[in-house]
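The structure under discussion is supplied below as structure tokens; questions concerning it will follow.
Labels run A, B, C, D, E and F following the written order; every chain starts at residue 1.
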Amino acid sequence: MFTLPLALLAGWMPGMMAVVSAEQIGRVLESLERNLLTPIPLCFVLGLICTQIHGGIKIPKELYLSIAIFLLMSIGFIGGHELAHEYHEHGVATIWKPALATLVLGCVTPITSYVVLRYLCRFSIADAAGIAAHYGSTSAVTYAVANSFVEQTQHPADAFLPTLVTILECPGIAIALVLGAALSSRDRAAKARSAGVAVRESKLGEALYEVMTGQSIMLMAGLLVIGFVSTLFMDAKAFQPFYDFFQSKGMLFRGCLCIFLLEMGLVAGERLGDLVKVGPALVAFGILMPLVHGFFGVYLGHLAGLNLGGCTVLGAIVASASYIAAPPAVRLTLPEANPTLSITAALAITFPFNIAFGIPIYFEMAKLVGAT
Amino acid sequence: MQLYPLKLVTVVGETVIMSEIAKEGVELGASGYTLSEVIGHGSRSARNVIVTGASKTMKCEFVVPMDVAEKILKHVSHNYFEHYACIAWLTDVQVVRGQSYIGS
Amino acid sequence: MFTLPLALLAGWMPGMMAVVSAEQIGRVLESLERNLLTPIPLCFVLGLICTQIHGGIKIPKELYLSIAIFLLMSIGFIGGHELAHEYHEHGVATIWKPALATLVLGCVTPITSYVVLRYLCRFSIADAAGIAAHYGSTSAVTYAVANSFVEQTQHPADAFLPTLVTILECPGIAIALVLGAALSSRDRAAKARSAGVAVRESKLGEALYEVMTGQSIMLMAGLLVIGFVSTLFMDAKAFQPFYDFFQSKGMLFRGCLCIFLLEMGLVAGERLGDLVKVGPALVAFGILMPLVHGFFGVYLGHLAGLNLGGCTVLGAIVASASYIAAPPAVRLTLPEANPTLSITAALAITFPFNIAFGIPIYFEMAKLVGAT
Amino acid sequence: MQLYPLKLVTVVGETVIMSEIAKEGVELGASGYTLSEVIGHGSRSARNVIVTGASKTMKCEFVVPMDVAEKILKHVSHNYFEHYACIAWLTDVQVVRGQSYIGS
Amino acid sequence: MQLYPLKLVTVVGETVIMSEIAKEGVELGASGYTLSEVIGHGSRSARNVIVTGASKTMKCEFVVPMDVAEKILKHVSHNYFEHYACIAWLTDVQVVRGQSYIGS
Amino acid sequence: MFTLPLALLAGWMPGMMAVVSAEQIGRVLESLERNLLTPIPLCFVLGLICTQIHGGIKIPKELYLSIAIFLLMSIGFIGGHELAHEYHEHGVATIWKPALATLVLGCVTPITSYVVLRYLCRFSIADAAGIAAHYGSTSAVTYAVANSFVEQTQHPADAFLPTLVTILECPGIAIALVLGAALSSRDRAAKARSAGVAVRESKLGEALYEVMTGQSIMLMAGLLVIGFVSTLFMDAKAFQPFYDFFQSKGMLFRGCLCIFLLEMGLVAGERLGDLVKVGPALVAFGILMPLVHGFFGVYLGHLAGLNLGGCTVLGAIVASASYIAAPPAVRLTLPEANPTLSITAALAITFPFNIAFGIPIYFEMAKLVGAT
């Protein structure tokens, strides 16, 4: 039953490797330099270094949360604004295909992740489903960094990419949690009976609802609508200060991203020690799975008509793993899953890999598949 | 000044379960609760999940009669001790106007 | 003794209704649309929706407090800056009349509120005085939204409006609290004697002092002086970055206002359930009293020589109710007053009413009385 | 290691009254106090007023001899229990170098 | 529901020393600790140094058997009481599944 | 052994006084006015007034910390950016002399401070060393205010001043702590033996490491490198939003500085009551020592080739006292030192003195020694 995705996975990997010629490697390295030696990834590195030398940088959690709120609102608002222009010019003609592709990717990636984790890496049902929930969802900050990257390379992504981020947020978590709950329910029922005590009813429904109405979705989708509506109804001059505030090319967004990445570096750095605990299989998974998912994203994005920047960014968000919405949902529904595994993979392996190496690689992949 | 002998139940555990525990305590007979954010370290603290931007551990206190205390401790012990990082204990306290915290 | 304000109230309402022709209603609706479909009120609506569907948006209280500080500083600083220009050109000639009108309004509105609440709505002395303290004061955020509205309609308010906000902050709270304390003191003395214990001495003096030196006043008045002085003594180029930072038409002010209104929506939404508890009389009061006070404000503003924008904004701030300075002061001095009543009225009824409907209505009122 | 038997008085209530209660505790004989922000729920918690931007409930602890404990509890009970949301209780504690917390 | 009688050691003191005290408590035998930020006032609170931007006082709680409690109190008393603002006390508590907090 | 610095100190003071003619005093007063009547010092004054009248302004500590982080990052980033240009044009030719001068000043000022405090003011070893650690280090905010001042006077400081702030941060604290620990170790050993208990081993090494990897250093030095690297590798257009965000002449930096100084005023105001406790000797020290150190800074800066603005700013940072990095380090290593003394001196005496009077005085000193 799971042979198809396994075969796909086994098929793509060497294929991709073969295709990547020396020239492409050269271009990747050049992209890497251009990408890495900019303030955003460098701030991440500063955070990493700080934890390793036990330095004293402390970002108050309220600053981190405030920046997260601002970034999500900004992604939504500017997304809604550009969607309004796109919609005005082309209706839904350009949008429905990428939206569908994104939905498909949101349903496929938790399953590929689960299959690889359960049958290749031999994790328990709960652990496999828990990690899959993280990789089925997405990381808004990876989106923001990918978007900055393509703007810097003068290949800005299509206008509706933020809409796609919003679409990608939920389905993956939901599918993985339902899968995990269904597969592990028999075990639990048996245990409960033998213990002879009333076991807490499943928190699944509750957790799914919380994911779907979580802060990330509410802010991105909410501000998307607000950006859309106000673009249509306000005159440009009155709209300007709001645009300047939320503008993702603007100083506030870029500057806040620096501070956010610094904190991400601090958090990821503290998890570096856990890399030993989680074992080489998960480390490999945290690097190779994003490459596969990233290629899925780039390829389907290209089929759906995205431009070069758009394919790159879609690849990056499909490749990214959630570390905000997924963890509490998994903790509540699959309590026997070890959170150290999923969080270390998402935060200390996949996130830095994507920021530093993944994004330029997806950019080259996008060129490879012919996006322009 | 009349004081009523009651029990103070203190539960310290992962943030992800604490607001539920507070609510369940009230369902089991507590007239209220007092929650606070703490920084915790214990045998399983590596399992704490909220990665950043929130306190990972919370403390919840209930002032209750003995029977409710038993119920809360049993409930917490059966439902949360196995898979979640938490600890719970009981203290004897003397409560002002304690009658309002009984059987409500 | 209280027949005059009651008669006034009874007189204005139908009068106002009669005057409002079909054409005006059409214009109000158009204003409403132009007002409502902008980011600031839409963020408030997003907050409301979020609470109703139990969504996960959480604004850290420190972000809320920081934005409040910034908005108050900004209102004061830009107010002082524009006051300096006005003063430089006209001396106090244009300012003293509106200032006096505002002071009169600050003394009248707590009394009209008390009378209506005590004798029409039949609240207890403490409850009536407590709510009156809220409606006698003002809401700086309502000012900020009203100011944005008139700027968007190309009718910016007179330069000294922030000064008027500062004048309106205190007197209303003080008058209502003194009234409440005086009227309920006989009761309390009797109770204390029968209980035979030492009762906490009145906290009135302390509470009044705290209102007058509270954060809102200190920041607005303090920055007003700072804005005034630095405008006079600094050269324009050195002044510019400070102006850009605090500028109320600028991206920071407008953007922060969006986040602030989102939080206000969350807070008001949580109070929506209390609407049932407080009863229809208070709901009616929370909508009709602002209309009356708003008209007072618009009319006296026009008599005092304010322009169209100025009359509108003065109407809005007179109509608005305090929910920052008043609640703790009332809680300390009139502990037997039920805070659910006053806070629900100020926050869940009057504030959204003003933001959504009140401001465009005061704008039309201002046109009606002939302001230009 | 000599330990002195003393009382721990804990008061949990609306923020608006807690710094006063802390000060009044010192006036009544406590050598100090320890305040903390908490999240409270009780029979009257709807009355809490600070609408946003501040914790609505605080906890105040005093380590004191019995007579001072009585005074504090009586004071709080008479002056705040009727109109404010609050709760107060007493615990037996053993204090290190406890003499410094007596009669100061 | 079996409960184990153990001791709750509470130390309240200047922030600058509290994370050390928490670590030292674990070295002396506690299985964990619960730290929280508080606002403190006492005889020496003027000595608190973190001038702004941080809570000046913290509270640290250990649930431990008597012998460990003694060790922690002795250690804190000898090393910190002279020069730092702090207070420490002991409470009797009944702990759920208390065996895991003994001798770990 | 300590006669040289004492003689130097005794020599400079009257010398400086004699040189300051009536004309210079006039110019200082004029500078003072131009300096004092600007938003940054006025916000400090507002904070002071607020504490004196028990007003209600409360800056959440997270806002204060966030602004501190932003200011440090900003100083570092813009410093690195300008260092890159300087380095590109002149190599290290212009930089090594001021860097060396700064290092010398960082080693001399804790010793002059210690000697004066121990032998003139008669403080205990621990107290003298503790206070000296504060005066040997520097205050980044004093740097920011001094930098704003010289920019306003159209004499911007040399590009590499932020580098000098970073150099000045640590050595002074380290030297004073080592001095204090060495001189008081005999006492402590004796005491420990008589007490018969195991005394906590010295925390000196730990504390020194914490100072050197503290938040101030990590952020300033880290962002300095990031600013340097990204200036070299990014094209100007992509760099622009980061520059706008961190730009020290920009609205964010200046505006945040206002809020920061307001909080500093609140904190200093609360310490004003301690002025009586600490005695006149420390008050005199807190004013005269900065003048001496400021002159050292200005003079050595001039010898090292700094321009007028640069000499002024170097004077100000040498004259300033640390109140962020030094206090916890001193508290941990010299617990018997009374922190009220050092913090009151650094925060309630020297900081306001420098902000209000010191900076314009160092500016005149810089003109006096011939800087242009």
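Here, a contact is a pair of C-beta atoms (placed from the backbone, for glycine too) under 8 Å apart; a residue touches a chain by one contact, two chains touch by 3 or more.
Please read all numbers here as calculations on a predicted model, not as lab measurements.
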Neighbours of chain F that also touch chain A are C
Farthest chain relative to chain C (centres taken as mean CA coordinates) = E
Taking each chain's centre as the mean of its C-alpha atoms, give the chain farthest from chain A.
-> D
Interface sides of chain B and chain E: same vs different residues, half threshold | different
Which of A-C and C-D has more C-beta contact pairs | A-C
Which whole number of Å gives the spacing of the CA centres of chain A and chain C?
-> 43
Indicate the whole-number Å distance between the mean C-alpha point of chain E and the mean C-alpha point of chain F.
-> 36
Distance from the mean Cα position of chain D to that of chain B, given in whole angstrom | 20
Centroid spacing, where centroids are CA-atom means, of chain A and chain E in whole angstrom = 41
Going by residue number, chain C touches two or more other chains at 60-62, 65-66, 252
When you check chain E against every other chain, which residues touch at least two of them?
-> 36, 91-92
What chain-chain pairs meet the touch criterion?
-> A-B, A-C, A-F, B-D, B-E, C-D, C-F, D-E, E-F
So, in the complex, the side of chain E touching chain D is made of residues 10, 12, 36-43, 45, 57, 59, 70, 73-74, 76-77, 81, 87-92
Please name which positions on chain D make contact with chain E in the complex.
-> 1, 3, 6, 8, 22, 26, 31-36, 63, 91-97, 100-101, 104
Contact residues on chain F for chain C in the complex?
-> 33-34, 37-39, 42-43, 46, 49-50, 53-60, 62-63, 66, 151-152, 249-255, 258-259
In the complex, chain B residues that touch chain A = 14, 16-17, 46-55, 78-79, 82-84
Chain E touches which residues of chain F in the complex?
-> 61, 64-65, 68, 195, 197-200, 263-264, 267, 274, 323-324, 327-328, 330-332, 335-336, 338-340, 343, 347
